[in-house]
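Structures follow.
The same subunit A turns up in both complexes below, where it pairs with subunit B and then with subunit C.
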Partner chain A sequence: MTPFTFARATSPEDAARLAALEGHRLLGGGTNLVDLMRKGVEHPTTLVDVTALSTEIIETARGGLLIGAATRNTALAAHPLVRTRYPVLSRAILAGASAQIRNMATVAGNILQRSRCAYFNDPAASRCNKRAPGSGCDAREGFNRYHAIIGGSPACISAHPSDMCVALVALDAQVHLLGMTGARTVPLAEFYRLPGDTPQIETVMAPGEIITAIELPPLPVAARSDYRKVRDRASYAFALVSVAACASVQDGVLTELRLAFGGIAPKPWRALHAEQALLGGPVTREAVFAAMDLELAEAAPLAGNAFKLELARRTAVAVLADLTGVTA
Partner chain B sequence: MAISVNGTDIPVPDDPRVSLLDLLRERAHLTGTKVGCNQGACGACTVLLDGERVLSCLTLAVQADGRSVTTIEGLGDGAALHPMQQAFIDHDGFQCGYCTPGQICAAVAMLRELQGGVPSYVTADLAGQGTVTAEEIRERMSGNLCRCGAHNGIVEAILQVAKEQAA
Partner chain C sequence: MSRVQNAVIGSVKTVLGWMPERWLPGGTPDPLIGRHGEVGRQASRLDGPQKVQGKARFAAEVAMEGMCYATLINSPITRGRIARLDTAAAEAAPGVVLVLTHRNMPRLEIVPVMSISNMGAVGNSALPILQDDQIRYNGQVIALVLAETQEQADHAATLVEIGYEQAPARTRFEEAKANARTPASILTEKNQVSVGDAPRELQQAPYSVDNLYRTPGHNHAAIELHAVTTAWDGDALTLHDATQAIAPTANALAKLFGVRREGVRVLSPFVGGGFGGKAFWDHQVVAIAAARIAARPVRLMLSREAVCRMIGGRTPTEQRVALAADAAGKFTAVVHTGFSVMPTYAVCPEQYSLGSRAAYRSKTYQFGQRHLDLDVVPNTYMRGPGESVGSFAMESAVDELAHQMGIDPIELRRRNEPETHPLSGTAFSQRGVLEAYRMGAERFGWDQRSAAPGTRREGEWLTGMGCATGSFPYVRMPAGAVRIHLTQGGQATVSCSAQDMGMGTSTVQSQHAADRLGLPLEAITFEMGDSDLPPAPMAGGSAQTVSIAAAIAAAADKLTGELLRMAGNASPVAGLRAGEVRLVGGELVSLEDPARRDSFHAILSRAGRETVTVTASASAPLEMLKFAMQSMSAIFCEARVSAVTGEVRVTRLLGSFDCGTILNPKTAASQFRGGMIMGLGMALTEETLFDERSGRIMNASLADYHIPAHLDVPDIEVIWTGIPDPRSPLGARGIGEVGITGVAAAIANAVFNATGKRVRDLPLTLDKLL
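== the complex of A and B ==
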C-alpha cells in the first residue's frame, strides 16, 4: 500500500470540499477501497473517512424513504419499513457478501464499489482498460464467467457486482449528490455509465461530488417483491445472474411490474423492454421467455458467460412465478 | 487516540496503513485472531468492534479509534471459557483450529443479530423474526470458511449455545 494520510469529514460540505482535492478518496466501510489499495489498484494520497455522514433512515413527506449515505448495509436490510415496504431491497442486501462485510459496508460505498474482474484486480500481471486505460482487456479472451453479456464494449465487459443496486434500480431509487456547485439528484438508473471507450469513467458524478443519501419513492407494488441470486456456491459469492422483481397481478394479468438484473451488465440492469412486453399479459413461461429474448436482443455473450442468457430467463420465470403465485 | 482491546487501551498507530488485524497481531501480540486471505474472503480475522462482528483485515486501525474491540482472547472471563468456546469443544467444531477464533467471534455476534431481529437471506418471512435453525446458522455463518470442513460441528455448537441461552 502506498503511504497516505487519514482525515475525517465533519459534515457533508466538508466531505465534498475534501473530495475535490487531488488524490483524496472517500472511505466508507473500506471493504472495497482498502482491499483495492492493498492490491495496488487504487493509490489515494489521503483517505477521508465519511462514516460521520447521515446514517438515518427517515420517511419522506411523499411516503418514501430517505437513506443516509453512511447507513450500514445491515441496518438498511434490517429496517422494519424496508422489510415490509421494499422486501426486495432487504433480500438483495442480505444476498450480498457476508454478515461481517454488511456490518461494515455503507450504502454509498456499496453503490460505488468497483469491479471484481480478476484482471482489474491484478495490476501486476494483467491488462485492463478500466484500471489502465488503453492497456487492453484480458477478460474478453480470458476468464469471463462473471462478466457482462449486455451493455459491455470492446474496451470492457466488467459486470457491476452489487446486489443492493439491482433492487434499488428496480425501485426507481434516486441518488442525492453534493458537490462544490451545490446539490442535485440523479435516478440510479441514469447514475452509471456504460463503458464505451472510457470504462474508467463509471458514473455521472462530477469530480468532487459525493453521495449524501438515497431516496426511495413510495411504491405500493414493492410490498410484493423479491430478489433471487444464482451463484457458484449457496452463499458468500458474487452473482452469476440475479433478479429483482416487484409485481402485481389482477385477474390473471400483470398490472404492475418492475424487473432488474444483476451479474449480466456493467450496471444494474433495469429490464424496461421485458416489463413492457409482459404488462397486461399472464405470467407464463412462454411470455417471460419472449420478453427476455426482447430484453437481451443485443446481448453479446462470450465463451465463458453465454450460459447467462438461459440462466437469466429461467431465473426471471422462477421469480415471477413465485411472486405472482402462478406456476409458469 | 486509543483503541480499547479487550479492555486495554492500545495507541492508534501513526501510520494509517496499519490494519486492525496487524495492530492486534503485531503490536498487541494477540495472535488468536488469524490472517487468512487478508482480503475479506475467509472470515479468519473476524473480531467484535463495539460488539459487532467485522473483518479486521479490511478495517484500518485508525477506523477503530475510540472504539472497543473484542478478540477471541477477550471473549472468555479470565480462566473460564465463553460458552461458545466450550460448545465448539463439545461438538468438535474444529480440526486444525485455524478458522476457529474467527468462527467463534462470528458465532457470538451472529446469535445476538438473530435474537435482535436482523433477518438473513434465508429468513422466509422478512416481516417476522428469524428462527434459530441449522439453515439460518449456515447462511449467517457463510462469511467464515473452514478448510477442514468442520461445519457440522460448528452448527451443532451454535445450536447448543442458542438453546442454553433460551433456557
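== the complex of A and C ==
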C-alpha cells in the first residue's frame, strides 16, 4: 500500500472541496476502497473520511425517504419505515456481504463500490481496460462467471456487484449530488454509465462531486416487494443473478410492476422492456419467459456465464409468482 | 518412488507374513484396550482456557526485542527470468532494513523433500529458493523486503523494480497428458496393478459403469496464515513457526544453514490449522536468511494471497472409474485410473486410487495413476490426500451402478465387502464398515429414501438422500521418542516435540499417559511443541496420535523396568519383570497376584531418589505391513436442490465411523465434523481458479475462494462403532483425515437422488444442475 494522508470532512461542502483535489479519495466504511489500495488498484494520496456526512433517514414531504450518504448499510436495512414500505431494500442489503461488512459499509460507498472482476483486482499480472485503459480485457476469454451478459462492451464485461443498488433502481431512487458548482439530483437508473470504450468512467458524476443522500419516492406498490439472490454459497458470495421486484395484481393481471436484476450487467439492470411486456397481463411462466426474452434480446453471454440467461428467466418467474401468489 | 522401493517393501511384507504374530507390535493387543480410565472420557481441551482468553501465543504473536517485519514479492509471471532488478528505491524507502533477492541471498542447498524413503525430511519443493534469476512458477518468491514496520515493508515492496523476460510455460492439463509420467510406485504401493482381464469383464458384464470424474485444485485455507518469528544469536537459531513438523524442521534448518543441530530451536506450541499445508516452504528459509544478514529478529506472516500462491494446494484430478457386476451384483471388474498434476519437484502423488484398492472384492482389477508436469506451485498434501477426491469418483460410480441395477447402494456395497485385502489377501486388523453402515442407516432414517430419483419435492425444492464410504489408511510413523519424568510425589511430565494444530494432542496424550502410568489426569503434564524435547515425527497422515502413544507405551515400559530395578529385593514386587506388572493408582501391581504391589513413592524414597527419568523410542510400526489397516466411514447426506435455480443445500449430514477406539469423544467428534465440513466445501463450493492461459491462480482470497459459510453447514451428526483395533496402540486408528473422505460422493449421490442428474465434476455448482 502506498502511504497516504488522512483528513476528515466536516461538512458536505468541505467534502466536495476536498474531493476535487488531486489524489484525494473519499472514505466511507473503507470496506472496498482499502482493499483496493492493498491490492494496488487504487493509490490515493489523501483519504477524506466522509462518515461524518448525514446518517439520517427522514421522511420527505412527499412521503418518500431521504437517506444520508453515510448511513450504514445495517442501519438502513433495519429501519422500520424501510422494512414496512420498501421490504425489497432491506432484503437486498441483508443478502449482501457479511454482518461485519454491512456494519461498516455506507450507502454512498455501496453505490460506488467497484468491480469484483478477478483481472481488475490483479494489477500485478492481469490486463484490464477499466483499471488500465487500453491494456486489454483478460476476462472475456478467462473467468467470467460473475460477469455481465448484457450491457457489456468489447472493452469490458464487468458486472456491478451491489445488491442494495438493484433494489434501489427498482424503487426509482434518486441520487443527490453536490459539487463545486452546486447540487443536483440524478435518477440511479441514469447514474451509471455502460462501459463502451471507456470502462474506466463508471458514473455520470463530475470530478469533485460527492453523494450526499439517496431519495426514495413514495411507492405504495413497494410494500409488496421482494429480493431473491442466487449465488455460489448460501451466504457471503456475490450474486450470480438477483431479482428485485415490486408487483401488484388485480383481477389476475399485473397492474403495477418494478423489476430489476443484479449480477447480469455493468449496472443494476432495470428491466423496463420486461415490465412493459408484462403489465396488464397475467403472471404465467410463458409470459415471464417471453418478457425476459425481450429484455435480454441484446444479451451477449460468454462461456462462463451463459447459464445466467436461463437462471435470470427462472428466478424472475419464481419471484413474481411468489409476490403475486400465483403458481407460474 | 522407485522400482527398488517396490521391491524392498514387497520383500519386507513377505518376510513379515511368515513371522509369528506375537513377535510383532500389535501381536498381543495393548493391555489398555477396553480398560475404562481417562482414555475414552469426554475431556475438554486442556488448552481451551488459554485459547479463549487469548493467552495462547501463535508464531506471529511472539514479540522479540528489535524485531523487524518482512514482506515477500511473488512472481507475477509463470516461466522466464528476471531480466532487470533495481532495488535502490526500495532500499531508500523509510524504515527499510534489507532487500533480499537472489543476488544477496546466501547460497543454499536444496532442502531434502519429504518422501516415503526419507520420512525425516520436510521439504515440499525441490526447487532452489532465491538462488538464481529463474522463474519456475507463478507465485514463486523473488524478493523479501525487511523494514522497521509491516507497513513500511509492504510499501517498499511496491518500489522494487523488476523486469521479466517471459518464456513459454506448461500450464494446460489437457496438453500435458501427452507427456504424462507413470511413476513406479504411489507412496508405499506399486502404482500400476492389473489382476485378471478387467477390460474383458467390462465388456461382458450384464451391468457396468465407466465414467470420468473431475475434481479441481483446492487452496489451503487454514485460519492461521503461515508465519514465523525468528532470530539468530551467533550460530544459534530460534524459530517460532506455525508447523506440523517441529523436529524435522529443526534438522533441515541445521543442515541447510550449516549449524549444529543443538543450536537450532523450533517452537510451535499452537498452530491454527495445518491440514497438510504447514510443513516446510520457502518462507521459513528466506525469513531466516534475512534475519541472519540483517542481524535482527524477523517476523514474516504471509498474506492470504501469498498462501494461495506459494503454498501448494490439492492438485486437480481427472479419474476414470469403471465397475462391472454380474447378475448377482458381485463385482467382476474394478478399474480406477487417472491423471493428476504433480510437477517433478513436488512431493505429493495425490494417491486417489489407493483407497479403491482396499475397498471391494472383485474378479478383476486395474489401477494406475499418471502424473502431469505443469509449471505450478508444487502441489502438496491436503486433508485426506488421495482418498478425499478418489472416494468421490469411486463412491459415485458405486452409486451409479446400484442405480443401474436397481439395488440399494448399501446392499451393493455389502455384497462386495472383502474378507481380506482384495489385492494382497492380507488380513484386516479390524474392519467394521458394514456395522458403521448399519448404525448410520438406522440413525439417519435411510429407509425413508425413495429409490427413484427426482420423486420427492417440497415446493420448489427437490430432496434426496445419498451415502458413500470413506476410508483412510492407518499410519504409524517410525521413530519418535518420549521422555517421562516421574517425581516421588507422583507427578509425571511426559515430553516430546509433538505438534498440536488444534486437534487436542496434549489433552489426549495426557489422558493416555494417566492410564498408562496409573496416575490421575491432574498428575500429568504433557510438554510439546519444542524441538529441544525428544523428537516426535511430523503430524501428518492422521498418524500422530498412535505414533506418540506407541512412544509413551515404550517409555512407560522402560520406566516400569527402572522402578522394578530400584525397588530392590525387599519389595513385594521383587523378581517381577516389566511385562508382569501394571501401573495403577500410583503403584506397580503384579498382574498375577494383585496383592503384590509397591508404590512409586515408596520405591523412590527407599532408593533415595526424588525423581526418575526415562526416554524411549516407539517400536517399529510393523503392524502396518503385516495387516491391512484403515479407518473407515459410512457417510449419509440429505440434500435439497432448487428446481428453479439449481442451488444445492445440504440439510443433513451424518458420519458413522469405524476407526478403532475413540480416545476422547469430544475432540474426536470435532475432528470428524471438521473433516466433513471440508468435504462439504469440496462438494459444493471449493475450486482454485487456475487460469490456464497464464498459469496464475485468479481467486487468491477468501472472498473469492469459497469455503462453506455458516449457512452452508447443516446439522452434522457423528457416531462411531468404537470397536478397538487389536493391532494398534490403544486400539486406535487415525481420525483426522477420514472425516473428509466419502463426503463429496455422499452429497453428489444425494443430489442425484433428488434430481436424477449425475454431476461428475466438482464442485456441484448450480449451473451444472439448471
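A few points about this structure:
In the analysis below, the second predicted complex is superposed on the first by the 328 of 328 C-alpha atoms of A that agree within 3 Å, B and C clash if a C-alpha of one lies under 4 Å from a C-alpha of the other, contacts with A are read in each partner's own complex, and residues count from 1 in each chain.
Rule of thumb we're sticking to: contacts are C-beta pairs under 8 Å (C-beta built on N, C-alpha and C of every residue); 3 or more make two chains touch, one makes a residue touch a chain.
These numbers were taken from a predicted model, which means no experiment stands behind them.
When the two structures are aligned on the shared chain, A:S235 is found in touch with subunit B and with subunit C.
Contacts of A:S54 after superposition on the shared chain: neither subunit B nor subunit C is touched. In the superposition on chain A, contact is made by A:T84 with subunit B only, not with subunit C.
Contact with subunit B, but none with subunit C, is seen for A:T31 once the two complexes are overlaid on the shared chain. By the touch criterion stated above, A:S135 is placed in contact with neither subunit B nor subunit C. Residue contacts after overlaying the shared chain place A:A99 against subunit B, while subunit C stays out of touching range.
Once the two complexes are laid over each other on the shared chain, residue contacts for A:G40 go to subunit C alone; subunit B is not touched. Shared-chain residue A:S153: touches no atom of subunit B or subunit C.
In the superposition on the C-alpha atoms of chain A, the part of subunit A touched by subunit B in one complex and by subunit C in the other spans residues 1, 3, 234-236. Of all the residues in subunit A, the ones that touch subunit C in their complex are 1-3, 40, 116, 118-119, 122, 124-126, 138, 141-143, 230, 232-237, 240, 307, 310-311, 314-315, 317-318. Within the complex, the subunit C residues that touch subunit A are 76-77, 138, 151, 154-155, 158, 460, 644-647, 649, 684-685, 689, 691, 693-694, 696, 698-699, 703-704, 706, 708-712, 765-767, 770.
Against subunit B, in their complex, subunit A makes its touches with residues 1, 3-6, 27, 29-31, 34-35, 38-39, 47, 49, 51, 74, 77-78, 83-84, 87, 90-91, 94-95, 97-101, 103-104, 229, 234-236. On the side of subunit B, the complex with subunit A involves touching residues 15-17, 19, 38-40, 43, 46, 52-55, 58-60, 62-63, 106, 109-110, 113, 117-121, 123, 126-127, 138-140, 142-145.
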